[in-house]
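One structure is given below, represented as structure tokens, and several questions about it will come after.
For reference, chains read A, B and C in written order, and residue numbers begin at 1 within each chain.
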Amino acid sequence: MTSSTTEMTAGDLAGAQPADDLPTPGPTVAGTLRHARRSARWQAVGWLVLAIAGLGAPWVISLYQLQLAQQAIVMGVLALSIGWLLRQTGQLSFGHAAFYGIAGYGTAYVAEHADLPIGLTLLTGIACGTLAALVVGLITIRVPGIAFAMLTLAIGMLVWVAGGQLHSITRGADGLNVQLEGSLLGKDVVMYGNPVEAWPVVWGVLMISMAVLWILSRSTWGRRLASIRDNEERMRFSGYATYWPRVLAFTVSGVLASVAGSLNLVTTSFISLNALFWSTSGLALIVAVIGGVRSVLGPPLGAVLFILLQNYLAGSGNHYQAVLGVVLIVMVLVAPGGFVEILERGFAALTSRIRIRRGVPGSSTPTHQTRGARRAEAR
Amino acid sequence: MFVQVLNGLAFGVLLLVLSSGLALIFGLRGVVNFAHGAIYMLAAYVALSISDRTSFWIALLTVPILLALAGLLIDRYGLRFLVGRTPLDMVLLTFGITFVVADVVQTVWGTEARTIDPPAVLAGTTDLGFATYPTYRLFVIAIGLLVCAGLMAWLKLSRTGLFVRASGDDRVTAGAMGVNVDRVSATVVALGFGLAGLAGVLAGPYLTLSPAMGTEILITTFIVVVVGGLGSIGGPMIAALLIGLVNALATVQAPTLAAYVPYLLMLVVLLLRPQGIAGRRTAL
Amino acid sequence: MLKLDDLTFAYGSVKAVNQVSLEVEKGSIHGLIGPNGAGKSTCIDLISGRLRPTAGTVHFGGLDITRMAGPRRRHIGIARSFQRISVYPELTVADQLDVAAHLVGEKDVDAVVAALSLEQCLPHTPAEIGYGEQRRVDIALALLGAPALVLLDEPAAGLSREESIALADHLAALVRERGMTVVLVEHHLEVVYRVCDRLTVLAQGAVIADGEPQQVRRDPQVMEAYLGRSAA
């Protein structure tokens, strides 16, 4: 213990009483937290800028690129759900493909067999995936560590096997072409087959998902979840029953995986058994880790990197798997915080350089701002 | 019926060789090696090339050694850096290896299914009195059981085996007692990879080689290790034979349900005694 | 205030705690001492709900809490610290105290922070602060919300003699002032004799002496079982 303890005197004890005459001198808990949250405003601004700027994408990039971006976003939302669960609860799920696939198939089934408005059809699909996540969460959430990863893997595979046997509904590996009908958000849903038409919705879903998770992480509940992740037993002895909050977190993550599943169906009108296979979860997990799970920006960023990589390597013998594997290995060894961590380090190096040449602001200022916004978003 | 039992036994022995490697690595490094299936697959393909050019026997000898060396390298330049990080980082690392190996296999050997011809001595069938049975499968059963008996003896009797058990129990204490944990770990990872390699070679003339073979068997191996208890060596051995048998019998008796059986088994075991797999060391 | 009746806990066939009965008076600092493996920490675990007893009962303020869940015990006023420091490794001290304070309805976290001189640690994570400071964070987590009963499991473990005494004096003053009751498990006998109002001595899971510190100190049985062994 440092000198501070030996200096503890009756004076400190006086301070221990609820002092109503003077505010307690020195740093306070609330003050420290406020200080730590300074960046929140910049992050919110960064998000807003990104959200609005992203809407303009169809005017900037080509149709093909837009199509890729759309794929990246569907994958990004799934990665976001897995990454957020990992970050917030420390639990690694290999079973999210089940929720993704169940939502997709649920939507397809309802669209074919019931005459519901398209909005309700999609909601029903998402509800199916969410319900599955709730059930899985209820039975698995107490299981610790790697056992949880394997348990979710086993459940995911059970769903996959079941999907294979329900061939009349799923059409197996050949897949199912789904004709959605009706009007969604003022447009005929068929229009969403066109990436330009679909873009505002796709982009909006991603941005809203990021915002919701960002807010949840910072809420009282989110901080409690992080505390449970850090030390579940201590949290129980701080008077918090830890079961339901974790079930809820798993379910929230399942909602997002379901949203990704429905989004996939709306934009591609196609789903196959592959959606349920564990590699769908595995790939989304890798993407999330490469992007960085510590921020809500990481998983979508990882998905974009993945799609770019896959597309870039498609011409040269399609070695994206090997490259992806190597990237993952390098990331785990060198930058466990993922690509976002690399960006942060780069930003830190940049600011220190700017600080050295403080005399010459000029052209470096705009870079500073955009990077700042991006980094703020990354936190 | 006897043939079914023997089929189950042959598959069980294969699982046994694979899962003891997985269990060893888990016990010592605390790593659930997701690359285990990929290593097995790589071994089968390398054995294909070697036995095409020379003979199956040379493949049987060299491939496990080659993969053991690969294991040494992965331990030295990968896993060792991750000691003290969460077990999930190690999972992700081995997951990355899976992707690389899958790509290598597809690039070098293509995606169509292949088979290895068993050596002439083992090609036919043997009359067991009550049934005739492919000789090669009998050979797989014999070799697998021999290797596992050897492994058990090594763990029980040798000095290194004692160290393996000691540092598997408690890294810190073992380290303090003068066990060179890093060296024991390297030995064990190499051994685990070597065993996966052996399983791959053995599987070559018996099962079909395809780029999906690694993933398929990986999940079954996980199930074996989970059911048998991660961190123990004897448990998975019994579980491997059991699951091999159940698998073979269920496929014949109730083919629709057979596909569910292993996953349900894993589910039930994990829910009822997660400590069987999680043990003391894996809890996050 | 707290009453244990024939409390027993068995790990398999070994009885870690064997028919322990004792009573802790409101407002007192009750020391629980004994050689290693005497069952002191197990007692704390049984009172806090970390373990369920094999037999016997625990009453708190007249309420039978033998089978009550851990989190609920915190809300009726039983808090604890841990022998192996138990804090939240990735959260800053400010964060973890704030989260815990909200849970137990503590209005004035800063008072607890000040009482344990943790101001300078607030923006740091446990890895960035000293061992003694981590201990005090653990204790602060227990003291939040002014629980009626605080179970301190070796709060001075790993500290030097001077540090232990300073911490103990300070804790004693704090809990007396706030009217808390304390069960203190501690190895440093000097600390125990200094702050405790009453002592219970355990050996091999059973109570071998109980009474005022001066009285217990002279008990020949205690000297043999406890001091004799620890001296050896």
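Criterion: a contact is a pair of C-beta atoms (placed from the backbone, for glycine too) under 8 Å apart; a residue touches a chain by one contact, two chains touch by 3 or more.
The model shown is predicted, which means the values in this text are computed figures rather than measured ones.
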| item | value |
| --- | --- |
| Topology of the chain contact graph, where touching chains are joined (line, ring, star, complete, other) | line |
| Chain occupying the middle, per Cα centroid | A |
| Centroid comparison with chain B (C-alpha atoms), farthest chain | C |
| Whole-Å gap separating chain A and chain C, where each centre is the average of the chain's CA atoms | 41 |
| Distance from the mean Cα position of chain C to that of chain B, given in whole angstrom | 48 |
| Mean-CA-position distance for chain B and chain A (Å) | 34 |
| Touching residues (chain side chain A, partner chain C) in the complex | 1-2, 4-8, 10, 12-13, 15-19, 24, 26-30, 32-33, 35-36, 220, 223-224, 226-227, 229-231, 233-234, 236-242 |
| Touch list for chain A against partner chain B, complex | 86, 90, 92, 139-140, 142-147, 149-151, 153-155, 157-158, 161-162, 164-165, 278-279, 282, 285-286, 289, 317, 319, 321-322, 324-329, 332-333, 336 |
| Residue ranges of chain B in contact with chain A within the complex | 32, 78, 81-82, 85-89, 91-93, 95-104, 106-107, 215, 219, 222-223, 226, 256, 259-260, 263-264, 266-267, 270-271, 274, 277-278, 282-284 |
| Chain C residues touching chain A - in the complex, by the definition given at the top | 48, 50, 69-72, 74-75, 79-80, 82, 86-92, 94-104, 107-115, 117, 119-120, 122-123, 130-133, 135-136, 141, 144-145, 159-160, 162-163, 166-167, 170, 173-174, 177 |
